[in-house]
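Each chain carries a letter (A, B, C and D) given by its place in the written order, and its residues are counted from 1.
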């Protein structure tokens, strides 16, 4: 049971993650050095490329990436964020091929008002996460924050809704996932749009 | 009664729609893969170029376009959005040469507060849709959403105001039209500006 | 008493106005084809270069400019906006070398709440229009809109405050002026910042 | 006790400050010609490169920089802003290697509501300024504005919180510092994000 991920594969993943990060940073969703992105490179055992910690997310290069295992520990590359463990857990739990973690003002503001979860219904934009635009309530779970990634992962696992490829971490930000970096991007944009609508509707 | 639209004409239309889409996407009005744009290429019978479904609207190329007939069915190119039918109906109904469909937060937020329609009056910006800046009420209709494009088209036909080249679809977004892609763009910008003013005026 | 303004001078002014327009358009202050900019080219008699009417303000070229006289009538170039008359009047009245007219949401929203004028005090940003940051009230006048540029000019002349190089036209937008296009830009940014602060302070 | 800072060193610092300024200007945080940035070039005696006064902060070149001493007086280059004195004082007081002063709408709006200081707690983003994300209150001080930089510096010195590398000047804007221009940038982004969250939470 071995995986053979070449430096080339890792750099290719790094280039994709750098481009996606720059995009989210341009929206103001990764201020400071916040947030991190990942993509699954192997399943058995699990291997993810995760953006390196401590860098400006608008200035990543293809090399600012770390290969981690299913526990979020570095296999190759530099220092991963502690949050790499949660990326790996989301990938294992949901089968997602890519995970986005961003710090958006709307997610924290709306999560603060709705600590029991944010309910969406009758919005066409829900189709962007594969849900019907009519008559069905879709809940975006809100979980309490923690610095212990196992605790946070347990909360995410307990709270997550199959209809919703995202969770708000209270006082923190958004985790969103999809089959690929592009689908994870689109899911992130859709969820953030729904949250911005909540803010505008007040 | 035949129309002869060359691949070249279609690609040219695709290039224009890709540029217009990238512009609207940069404003955050086409998050995820939402929205679609069209331009009329022939009138008798009706033929429109419509942006292809499922793509990121900030990353379209000249080839990401579908030729559809007056019922929104594909004549050439890939898979059109189901909403192509509504584009065709708007073009037939209004004589417009171009139709813009975007998902803006302001249109959904204001439409939610004013389900009977949004009344504008005494705003200079109304001149941007050919209306007087003084003394005349201009209503932006709000229609209920539907996944059945015939139902949605019937609602649009019943509700539309001759003074207003746009309709809000509740919980969904905006349809706007004009003689050309550029005029449709300007009408879209004007209507969205009016909606953002409503939000700011609260 | 003749003025000799070469095509070259006019094109140079057009290039400056196109760049300034593109900047304001990127901020969303010239949606549709709204707004216009001018720069004084001669004083005796008065000659201004004014942006041409009906164009997208993010896509002007150096040739999209009209030379007008002190009444706003075209001397050379295409069709000026009717508002060119007001630009000329502002230049004559204030001695300004450049005039900016933009349609910002904040100016219309705040003008609607404060039809008697908007009072600023104790804000450092006032120094950006040459006013003290402490203890002095500075009023941004709000005048009623009109399509008659002579009426609008009379209102502007009656209402304007020597301390404030700007006027809000209710339901319409902002007129701002300065010695040069760059200073008019900075005055515009300062006044708009003050208006956005008013919106945020609510 | 002499310092030998070459023209080359100063130009290099100027290039960094120009790039950082352009970044902040693109966010709308340096409207008009407001704000200024500095970087420490020597400690004994103190020498800082400060952006030149009166320029558009989105258009600085590597030469638009002034070398100042610990009192903010020019050693080389053009005219420094009066605020250079405060930059020097912050650098001396905190040991910071770089200081950012920007005029953000959120800092003035939130400072107006919370003149006794703005308290943050239980927000992950606090980690971006080296603080814990849980259980600890971190206060962003708000000090009264003054045109006398000695008075303003005394207020900053009296009010500053060791946990917070930033101060709001009421009716004015933000001062933020860090070890390097990049860290000062990240601290600025984090503090502004926290202020925008306060606005959104209302």
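In this section, contacts are C-beta pairs under 8 Å (C-beta built on N, C-alpha and C of every residue); 3 or more make two chains touch, one makes a residue touch a chain.
Molecules present, by chain and UniProt name: A, B, C, D = Methylthioribulose-1-phosphate dehydratase.
The structure displayed is predicted, hence computed values, not measured ones.
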Numbering shared by both copies at the chain B-chain A contact, with half separating same from different: different
Whole-Å gap separating chain B and chain D, where each centre is the average of the chain's CA atoms: 45
Inter-centroid spacing, chain D versus chain A (mean Cα positions, whole Å): 32
Residues of chain A whose C-beta touches two or more other chains: none
Which pairs of chains touch, using the document's own definition: A-B, A-D, B-C, C-D
Interface residues, chain C side, partner chain B - complex: 28, 31-34, 56, 103, 105-106, 108-109, 112-113, 145, 147, 169, 171-173, 199
Interfacial residue positions of chain D with respect to chain A in the complex: 27, 122-125, 128, 133-134, 182, 185-187, 189-190, 192-193, 196-197, 200-201
